[in-house]
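Shared chain: subunit A. Partners: subunit B in the first complex, subunit C in the second.
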Partner chain A sequence: MSESNKKIVQESDDLTYGDIVWGQFKKNNLAMFALYGLSILIFIAVFCPILASDRPFIWVENGQTSYPWFTSLFDRNYYENSVDIFFNLAMVLSIPLTIIWVVVARVIRTKHSEKRAYRKVLYRFNIGLFAAFIALFLGISTQKYEEPYKQYYEEYTQAKEDNQKDISAVFTPIPYGYRKTGFKSLDGISGEHWLGVDQSTRDVAVRMLYGTRIALSIGIIAVSIYVTIGVIIGSTAGFFGGWTDILIVRFIEIFMSIPSLFVILALLAFVEKPSIFHIMAVIGCLRWTGVARLTRGEFLRLRNLDFVSSAIALGFSTRRIIFQHVLPNALGPVLVNATFGVAAAILTESTLSFLGLGDVSVPSWGQTLNEGYSTGAWHLILAPGFAIFFTVSLLNLVGEGFRDALDPKMRK
Partner chain B sequence: MFKNLLKSSVTIALMVITVVLLSITIAMLNNTEHNLIKDNKLLKSRLEKAELAAAGAQNTSRDSEIKGPNAKYALAFTDPQNLLSIDPVEWIPENATKGGMLKSYLGSDPKGLNFLTQNGSDVSALQGYIGISLVGRHKEDTSKYRPELAYHMARTEDFLTYTFRIRDDIFWHKPTLDETNPQYKWLFEGNTCRDGHFINERCRVTAHDIVYMMDMMMNNQVAGAAPGRSYYSNLKEYKAIDDFTFRVSFSKKTQTQDRMVRGIFPMPEFLYAYDEDGERYDDSIAGTKFEAHWYDPNTIGAGPYRFISFDPSVKIELERDPRYPLGGNAYSKILFQIVNEDLQRVRKFKNEELHYTGLSPSQYRTEVLEADEKSPFKNGTFGSGEFWSHTYFYIGWNNQSPLFSDKRVRNAMSHAFNADLLLEEVMMGLGKRCTGPMPAFLPQYDQTLPPIPFDLEKAKNLLEESGWIDNDGNGIREKVIEGTKTEFEFSLTIYGSSKEYKTIGDIYKEDLAKIGVKMNVQPQEWSNLLKKVDSKEFDAVTLAWVSSPDVDFRQIWHSSEADKPQSSNYISFRSKAADKIIEELEEEFDVEKRHALAKQFHKLIYDEQPYTFFYTRQNKYYWNKELENVKAQLTRPYLNARAWYLKGE
Partner chain C sequence: MLFYIIKRMLLIIPTFLAISLIVFAIVNFAPGNPGGRQIGSEGGQQANTGEQRESYRIFKEQFNLDKPVILNFRYNLTKDEVVDVLAKVLNPVIEIDGKEEKEYGLGEQIESQEYLENLGRYAVPSLMEILNTHPEVEYRALASQRLTINARQRLQGEFRKDLTKAQRETNKKISDETASFKGQYFLALSPEDAEDAESKTEEEVKEFWNPWYEQNKTDWEYSTGDIFSITFTDTRFAKYWYNLSQLNFGVSHRDKRPVLETVLSKLKYSLTLAVTSVFLAYLISLPLGIWSAVNHNSKADRAVTVVLFMLYSLPSFFVGVVLLNLLTVEYRIFPTAGFESLNASEMTTLEYIKDVMWHVFLPICCMTYASLAALSRYAKTGLLDIINADFIRTARAKGLPESVVIIKHAARNGMIPILTLIATLLPVLIGGSIVIEQIFGIPGMGRYGFEAILTRDYNVVMAILLISSLLTLIGMLISDILYAIVDPRITFD
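Here is the complex of A and B:
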């Protein structure tokens, strides 16, 4: 065998299951387009304070220069919600973290020539980086940094009008935050308010932008919770089989027969101050049944295959067989399901906000939609309606793309 | 393998426990909700204040009273002792068409229809159609009373004893039960009616039915009647002198009871005092059995319309009682559809599924203010009218909280509340600013007190004066109270389903942030909100008070009420000066002096600002032109369809 041939064989050996799926996914134009769309949404979620904020980047008053936009990012009076703090942290760290990541990835690559080894190390590094980020976020969110309230934009326009104070400032393209009131209630679409004004005299466009953060974080956190629960229960049932399986499946069936929206409503009535995290937790604790059934199905299929029998014969511990041998092979369909789940969770939050049971301190799309419904103002229905529709559609398209890519029969 | 089995059994056991715990939680939630519903009813009733059944029957044309069997009733009005007089305004004109079905609505699903224990406004409205009261208010001069079941009402000079003589031609409707069922034979054969009062297959209303109602109201087992019971603390005695005379006496003269006795109505003893087999309940359990009676959720009365059916969450049907002698029942049927969505109600009205409807502020904006000329609400397709309800909306400050115990702070809060903007932009100008504890259009309301203006600078100054200063530069004012540094942060509890309250919360929150006060808006479902209010576990709350034309201040403002559980003085307002005025008012019968006292009280509350008063609501309503003679009443129920009729074909 020649040298070049050997290399080609080596390459295809290196092709992981993930590579194959990704290769397939890339061939699906619609799904790729949706994935780009989603990336844009995530980008908006992370960087929306650059587009809209009450606080100017630079503020010069009587020769004194301050940078209120930067200091406001972790101000708990201004951003009351931890979701905002999370995304602000992500925004601030996005550039340094990307640089660090690229550098580290290169270093690892030079050290590990073998693709699998390289990936393994990179994977560990990613996990570490993520954990560090979360730790930093938790650290910051326990700190109570607060700033006094100041109406920068009003002061600025006032100063420009009567030329009394010496003020100059650089504002974001939309110079108001999502809580700012004082515009004309239910004003329609105009140059000043791109998507109009809601009943509480706030700018809708800004609320839509910040709403992206709420929608995405609800989807991702709620789904992570239920995927974890579902996978554990499903794999227990599928791997052990027999009575365990029967009991768990019956349990799942009982759980599925409870209409989850009503349980959510009941549970939320129980909570003193329902925050957005309660809603995430409640959705997460109720929606795991689908994932559990999928995982169980996959386990039942995989458990009789040779590699599992070999693992058992080798005397590996049950935990090791489940988590290292069977689970990675069973995860594909679960992840597809999770993509759809994110969309469903966003819809559920909208439903709850629509019913007036959401967290009123966050700018969720469902709340604006609800206002539109009760006031009959078109711009309040269309803007959040489209936002929800697009996000959910994009997520579903991505989910479908992955489902097709996982299906060996549809391989292109 | 055995080990695996053991592990899995443990897992299963854990899961079973989870299921059990979950079921228990659900059961507990259910139970809690039941209790909440119960509490809800209780407080709702108190909040609505016992303006008992203002609706009443009207005297038929005067000709018939002078002649024939009605002569004795007509003669009664010539007696100067009689506190009742004939209402010059008749229910409906003589030439009015009779018949047709009125398509009406109820805004909520009644939990039951027992008129004594259920005090929701919808049930009171229904009572106006099905039940009969002793007396009713005149339709235009609401200070006067007209006869209804009673044709004569006398009061002794010491204001301690009241005697009612009642008509002998009023009969209980037939109970809404299966007449062919042998189990109810006793009921339809009149076995439980008083002797000689079972006529033409129906039981006659006697003074014993009024005594029975009083028995049940004063019975501690009947929890639903507690709000009414609280007004009879001076009750000495009540009895039936004969079958058609009822007397009630008190140990102390008060103005409140002079009004409350006029809200007495009969309850059918022949039905409620007996079990399903026709056996009379023992006195020891009579109250408990009455509270949850086998006849529920059906109801019965002796008024212009008979109750036919109640389909929970769907509808209630009534039919005309042809033997009712006092008029005000033009329709042959009334259908109450239960519509709790505002939008749905207006849609149904447009589709002619309802004969009339009210409009919420935002609907008023879309259907009228911002609609084009073709809108049926504007182009004359529907009739339109308006009325002022006896309400005032407010934010109540928990006076017990260290944040709001200082009146300067409460004043600052009022200055930071942009009421004019909210009234104009959110309530669409449907109302009038209110400055004190009564509807803004009453004669005893002091019109000279100006509404508190929106002024953030003033609010800041007041807060600083009272020691709330932001020393640590975190944007929130603080003060050292009893040695601990307290930040000015509080929650405003609002009714979650109301968009208008939410908007109020959003705007107020931002305005308070500007003066260094942090407010969290906390929407609550109705029953939870009442529970919080009852247990005084709130900082501030937005609510509305519905009163009658004669305002009673004791219930909300007297210090003695502050200590009672579940009282209406849930903000714990205490003022000796206020107590004094309230007590004087109770013993004062002269109208002029009463008004002067009320104005004095108004000023006192205005200075104290225990509430931030918002506004008194004006209501818009529209009707299908199939209806004739439509006008709103001056007292509750404002939209009383008994005064209207349907145009004939």
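Here is the complex of A and C:
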């Protein structure tokens, strides 16, 4: 075999399952477009304080310069919600983390010429980075830091009008936060309020922007909870079979025939003051049945394949076989299901807020739609409605792209 | 086949039992006591006036909320336990670091008051002992006050109308006894106040209670059988199963009407919506799916796919609100709310049908479009899988016309997966109907259930959870049977 032929053989051998799926996915224009759209959405979620905040970037009063925007980012008094703190941390660290990641990836790349080894090290590094990020987030979110309350924008405009005080400031493009009240109730779309004002005298555009954070975090966390539960239960059933399987399948069937939206509503109504974390937990604990069934099916299929038999023959522990051999091969369909699940979870949360059982302290889209329903104001109906619609359809398109990419029959 | 159907139907019974177990767990172990929550509306905790307390106590008895959840050990209640509870109820002021403070928090005090009330007749022997032997007068006084309430017997079949003659007579005796308890207590007052007070003195009270207790002492001498039956049957769990086996879902605390009756009357509206929209969805999506599978990848097919995809992603409550605002508020084409007009009873049948159709048009549109989108996509992929199969090529080779090939050969096989979707559609529709019924003001089951959730109407929530689960089970059964009928390859042995 010539040198070049050998290389080709090696390279094609080097293609992992993920590579193949990703290659297929890239050929699907619509799905790629949706993936870009989703990235923009995540970008908005992370960087929305740059677009809208009560606090000016720079504030110069009587010759003294302060930076209220930066100090507000981790202020539990200003951003009451830990979801906001999380995204703010992501925003602050996004650029340094990206640089670190690129540099480290380069270094690993030069050290490991073999693709799989390189991937393995990079994978560990990613997990480490993520763990460090979460640890930092937990550390920051326990801090209580309170800045004295000050109405910067009012003071600034007042000073400009009166020409009295010497104040200059640099504001974000929209100089209000999502909790800022006091505008004209139900005011329509104007230059000052891009999407109008809601019934509770808050700016709608800002609430839509910050609502991205709520929607995405609800979707992702709730789905992570139920994917974890579902994979554990489903793989137990599928791998062990026999009585375990029968019992679990029965249990899943029973769980599936209880209308979950009704249970979610009932459970949330019993909680004194539901927060978004309650909503995440409740959705996460009730929607695992689909994932469990899927994982079980995949396990049943994979269990009888040769590579599992050989792993058993080699005397590997059950845990190792499940987590290292079978599970990675079963995860494809679960991932597709999870993508659709994120869309469904966002819909569920909007439904809950629409029905008035959501967390009232967060800028949820469904809550604005509810105000639109009760007042009949078009801008309150269309803005959140389309926000939900776009997010859900982008996620569904991406999910579909993954499903097609996983399907060998559709391979191009 | 018949054997399979029977087996499949029998399977519903254990499944339903398990569901009712889960429903019981959800309602009883969910954070916050569903019964305790309605205190606001029933005027329980805050209200200390006798009447309100009494109505709250009756409410608790009615819903068995005074009983322990799973096991009842109240038969071996000791005097010391009751003294502890009384201490919390009395909540004496004590000195902590020189400051005068109440020993227990207000929450704990209210909780113990509740608990004491819930103990009912089980507390009587201990209360008697306290009345006679406790050194502190406050405790003896409180014990006498509690006795007038705790010693009461429950009326038989209290919340029913159909009583036998014997039951009525016992009830009469019980109410006479209860009436005799009235005023048989004393207050812990200083001697000079006690002279003015209208209540009885301690001696008088004891003179009443001690003979009464001697007379009825056997009520609290439990045999092993009694202990067994109390432990397992005088609980919320047992009462729940008992009521369920009688198909008795209790009464709603809002309108005091039997839950089952109300739910059944509301089911009419919800089923009209759900069944019509499932029917319409299948009616439109099957031909649509077949059409787009036949014209796969044509321009028209792509356009339809995109439109269907958009419909699939549109949240139904958004569409509902838009339609409502546009067609009923702005243009007034459709009525804003309700299932029928107010003068529905005066209409002829034809007029009535027209009227109902006019009312439910928008809600049905909202409920149909989402399932329509999902179904036709499944129909298309199902048919595409089949259309390349060998037997289709054979059918074409035989010279059969294309329409026969598609409809008779391909569609019949390709549509099998669609049938199973009925099972998944039903719970979604029942869940979705909460939102749609809420938006369009349809007085159906979803809306009734949602309002019950908001007002913590314990019995209604349980009944609706159970009934909608049962409907879902029936949906699954139907789809399984249809599956077996359509696909002759499936045998169930």
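Definition applied: the second predicted complex is superposed on the first by the 412 of 412 C-alpha atoms of A that agree within 3 Å, B and C clash if a C-alpha of one lies under 4 Å from a C-alpha of the other, contacts with A are read in each partner's own complex, and residues count from 1 in each chain.
The rule is short, and it goes like this: contacts are C-beta pairs under 8 Å (C-beta built on N, C-alpha and C of every residue); 3 or more make two chains touch, one makes a residue touch a chain.
In this text, all values refer to a predicted model and were calculated from it rather than measured experimentally.
Once the two complexes are overlaid through subunit A, subunit B and subunit C clash, as defined at the top of the document. Look at A:Ile254: by the touch rule set out above, it reaches both subunit B and subunit C.
Residue contacts after overlaying the shared chain place A:Arg179 against subunit B, while subunit C stays out of touching range.
When both complexes are overlaid on chain A, the residue A:Ser393 reaches subunit C alone and has no touch with subunit B. By the touch criterion stated above, A:Gly376 is placed in contact with subunit B and with subunit C alike. Of the two partner chains, neither subunit B nor subunit C is touched by A:Ile279.
By the touch criterion defined above, A:Ala266 reaches both subunit B and subunit C. In the three-chain superposition, subunit B clashes with subunit C only at 45-53, the remaining stretches of 9-17, 45-53 or 99-107 being clear.
Looking at subunit A, you'll find residues 251, 254, 263, 266-267, 269-270, 373, 376 touch subunit B in one structure and subunit C in the other. Looking at the complex, you find that subunit A touches subunit B at residues 77, 144, 146-149, 151, 179-182, 184-186, 199-202, 236, 240, 242-244, 247-248, 251, 254, 263, 266-267, 269-270, 273, 318, 356-357, 360-361, 370-371, 373-377. Of all the residues in subunit C, the ones that touch subunit A in their complex are 15, 18-19, 22-23, 26-27, 30-32, 34, 37, 309-310, 312-315, 317-318, 321-322, 324-325, 329, 427, 430-432, 434-435, 438-439, 449-450, 453-454, 456, 461, 464-465, 468-469, 472-473, 476. Those residues of subunit B lying in contact with subunit A across their complex are 4, 7-9, 11-12, 15-16, 19, 26, 29, 32-33, 342-343, 362-363, 365-366, 425-426, 470, 473-476, 491, 496-497, 499, 502-503, 505-507, 509-511, 513-514, 516, 518, 520-523, 525, 528.
Chain contact summary for the complex, subunit A toward subunit C: residues 250-251, 253-263, 265-267, 269-272, 343, 347, 350-351, 354-355, 366, 369, 372-373, 376, 378, 381-382, 384-385, 388-389, 392-393, 396-397.
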